[in-house]
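Here it is, the structure, as structure tokens.
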Amino acid sequence: MKFDSIRNQAYEANMALEEADLVVATFGNASALDSDHGVFAIKPSGVPYRDLSPELMVIVDIEGKKIDGDMNPSSDTLTHAVLYKEWPGIGGVVHTHSTYATAWAQAQMAIPIYGTTHADHLTVDIPCAPVMTAEMIKGQYEYMTGYQIVEYMAAMNYSAREVEMILVAGHAPFTWGKTVKKAVYNSLICEEIAKMAVLTQQIRPNAPRLDNNLIDKHYQRKHGAGAYYGQDMEK
Amino acid sequence: MKFDSIRNQAYEANMALEEADLVVATFGNASALDSDHGVFAIKPSGVPYRDLSPELMVIVDIEGKKIDGDMNPSSDTLTHAVLYKEWPGIGGVVHTHSTYATAWAQAQMAIPIYGTTHADHLTVDIPCAPVMTAEMIKGQYEYMTGYQIVEYMAAMNYSAREVEMILVAGHAPFTWGKTVKKAVYNSLICEEIAKMAVLTQQIRPNAPRLDNNLIDKHYQRKHGAGAYYGQDMEK
Amino acid sequence: MKFDSIRNQAYEANMALEEADLVVATFGNASALDSDHGVFAIKPSGVPYRDLSPELMVIVDIEGKKIDGDMNPSSDTLTHAVLYKEWPGIGGVVHTHSTYATAWAQAQMAIPIYGTTHADHLTVDIPCAPVMTAEMIKGQYEYMTGYQIVEYMAAMNYSAREVEMILVAGHAPFTWGKTVKKAVYNSLICEEIAKMAVLTQQIRPNAPRLDNNLIDKHYQRKHGAGAYYGQDMEK
Amino acid sequence: MKFDSIRNQAYEANMALEEADLVVATFGNASALDSDHGVFAIKPSGVPYRDLSPELMVIVDIEGKKIDGDMNPSSDTLTHAVLYKEWPGIGGVVHTHSTYATAWAQAQMAIPIYGTTHADHLTVDIPCAPVMTAEMIKGQYEYMTGYQIVEYMAAMNYSAREVEMILVAGHAPFTWGKTVKKAVYNSLICEEIAKMAVLTQQIRPNAPRLDNNLIDKHYQRKHGAGAYYGQDMEK
């Protein structure tokens, strides 16, 4: 069946979110892109994880229009659509309200880079896009959430290839990646980094930012030209 | 058998509380209303969750009088009875001592609205009814706990339809809903919001309250006239 | 077989400690008394929980002398022995290094009574016996730990019937009860109260102590002359 | 098959790390030494725990050269190699990014000895080796991480036999032991001590260091000449 592959990928990704305790109740959603057809599969809105199946995933085009499926797509669908449209290289998007990352988003603060766990994945603080303006919120809210993310990444001069996670102030984290599996992985890592950072500040308020040499070393050994981490996994 | 339906609902709800780690030992109780007959089914007092069965649920009328069942009903039965009596629209009530929500109750403070996870469910801080007076405590304590809740909701001008959770200072949370399933869901959400809020304050003492536009937007997209969250779930 | 009953009780209790996540590695020990014969069954020292069986429980008299069993009894055996000897009414003792209760013991502070979860079980702060003197530590350490507990309870004028849990400063909690099952329950409750109290202080430093009327009401409804909590459980 | 024993030991140890929730995703690695042949078995780099098997463990000599195996060894292999080379008595090494211990490493602080849980295992604060110099980082990084550990232990005058765990500032914990099973145990204990210490400080900032008499007593009863903890386990 057409779109079977992305339906399966999106299904597996959504289930992995629950398995990893990144979602409560029906919160959270993952989508997988079929870049050849310019469509993606996404979780239906408000359905408990235990009731999901690959067939229930909704197919939507990158303008956010439903193409196939019986159910309403996630209410956050337009945010996913904008990220796929603006960042051609990505193949998956994940949104959760995972506890610690969401607490940082509620505090409206970027997550400082304190250790190599963080530097293994990105070389900058996990960014926090500011609260949207009243106009953006009152208009096409989810669509504008996508642009809030895209524009803040651009304003910070961050590439979506090198920084694969962001917080939206007052809301929660969004992550992405070459595949939806990688986006799920990034959600897990974002939550773990968020938890370690809260604890670090509790142990030592005003803990120092990680040394730049360590940041570069850890990022390069996993992602640089001469990377030597892993087997032949995606780098 | 008469009352089978509410016995089953109450049983499922009580078991769901334990499954979701919202209760320790024999703490916590859930009840389900049969509004046609003006009675509700509630957990027996002090029985471990693993020993419960639908048959053990006790049937009580909304004055709190036992109608059917071999065991003593929960010691909090009169609190449930008052809420059913005073708020005709609700169909289920849940009481837990879940860790984070109870910590806020012990701190005798409302839980500030810091993010959209909160705003998805209510537009105000999760209220905290003050410690009861000596007279109320020494009289019919559980009955007066019900009235403490009802009167504080009225004093704050909150409707039981729009605000489905409250803390009682020095004690713990109570939640309710159109069904007991929804009340259980509200207990889970209350605990998660409570945890996120503690963490938010740890990251940033005096973190700002969530922007009003975001509060309205998130609540309206789930509960407003033009709500577009979910499929055809209760809104 | 002689002592089968207390061996089984002690075994079940030790396994329940691990099941409830109250112990890490081989930490923690539970014992059950046979008051007719003046002996108790206790966990062997340093054996992982998954390798335990009822037969491995060691039988010791209340002077702390091994009566039966192939293995060495827990290194904390003399502490248990002292409590049984000095407090004739108790039938079980439990010692854990559960995380939150141990943190309070390490902070060398009693756990303030902040809520009804606490008041349901005792009407005073969970006491913290001071660090033992150099002489006590250098002598028969575990034996003196028992006396440190007994003497501090006496100095505070607490009865072992009404206060069934204590912290030993710099060390960890000890609990007891009419049965070892009740002592395990008390360990679980002590840990939960300890966690709620840390969180309460984080939310509101110098949070107020629970109102005396609430303390009395909650304790009396579970343990007083006219108690109405539970069915016919031990009160 | 040659090296079967250490492959099995390393496999079991790596799986035990995941079982104990000490690792997220592919983080963490355990290795087991064959001291007769001067080689050790270590986890392959970047492979998820669920895909591991004894056969996939990589055999490396203590200079860090791969001897046998199809996959790339852990990127931290040279750190393990240095510890085996410099400390002839050890038989296993473990590295994790466990949450609480890593937070202390990120805070760049030693973990103060606050209680007997800590003193049961070592008599000093869990040391934290300082952030490495730019030169060390830019050179053979993992190799120099090993020397950073060895040299800091020497500078503090700590023996690898008595202190079996360390934090590397900005990075995470490393542990070791006579066997890899003991090294895994030490990782678990290090994490638990780290968590208790954060909580102790939250309850009481500037909590007092544990009394020296208690430190000595607890360490000696487990590890001293007249140790009386356990059966005939390794002391």
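Going by the order they are written in, the chains are A, B, C and D; count residues from 1 in each one.
Note that in this section a residue touches a chain if its C-beta (ideal position, glycine included) is under 8 Å from a C-beta of that chain, and two chains touch if they have at least 3 such contacts.
What you see is a predicted model, and the numbers here were worked out from it, not measured in a lab.
Visitor: Determine the set of chains touching chain A that also touch chain D.
Guide: Expected: no chain.
Visitor: Please compute the angle of the rotation superposing chain B on chain C (C-alpha atoms), rounded to a multiple of 5 degrees.
Guide: Chain B sits rotated relative to chain C by 90 degrees.
Visitor: Shared numbers divided by all numbers used: is that above or below half for chain C and chain D, i.e. same or different?
Guide: Chain C vs chain D: different; shared/all numbers falls short of half.
Visitor: Would you kindly tell me how far, in whole Å, the mean C-alpha position of chain D lies from that of chain C?
Guide: 32
Visitor: Which integer distance in Å separates the CA centroid of chain B from that of chain D?
Guide: 46
Visitor: Name the residues of chain C that each touch 2 or more other chains.
Guide: As it turns out, chain C has residues touching two or more other chains at 202.
Visitor: For chain C, which residues count as touching chain B in their complex?
Guide: That would be residues 114-117, 185, 188-189, 192, 195-197, 199-200, 202-204, 207-208, 210-211, 213-214, 217, 221, 228-231, 233 of chain C.
Visitor: In the complex, go through chain A and note every residue touching chain B.
Guide: 24-27, 44-47, 71-72, 75, 97, 99-100, 102-109, 131-132, 134, 137-138, 141, 170-172, 198, 201-202
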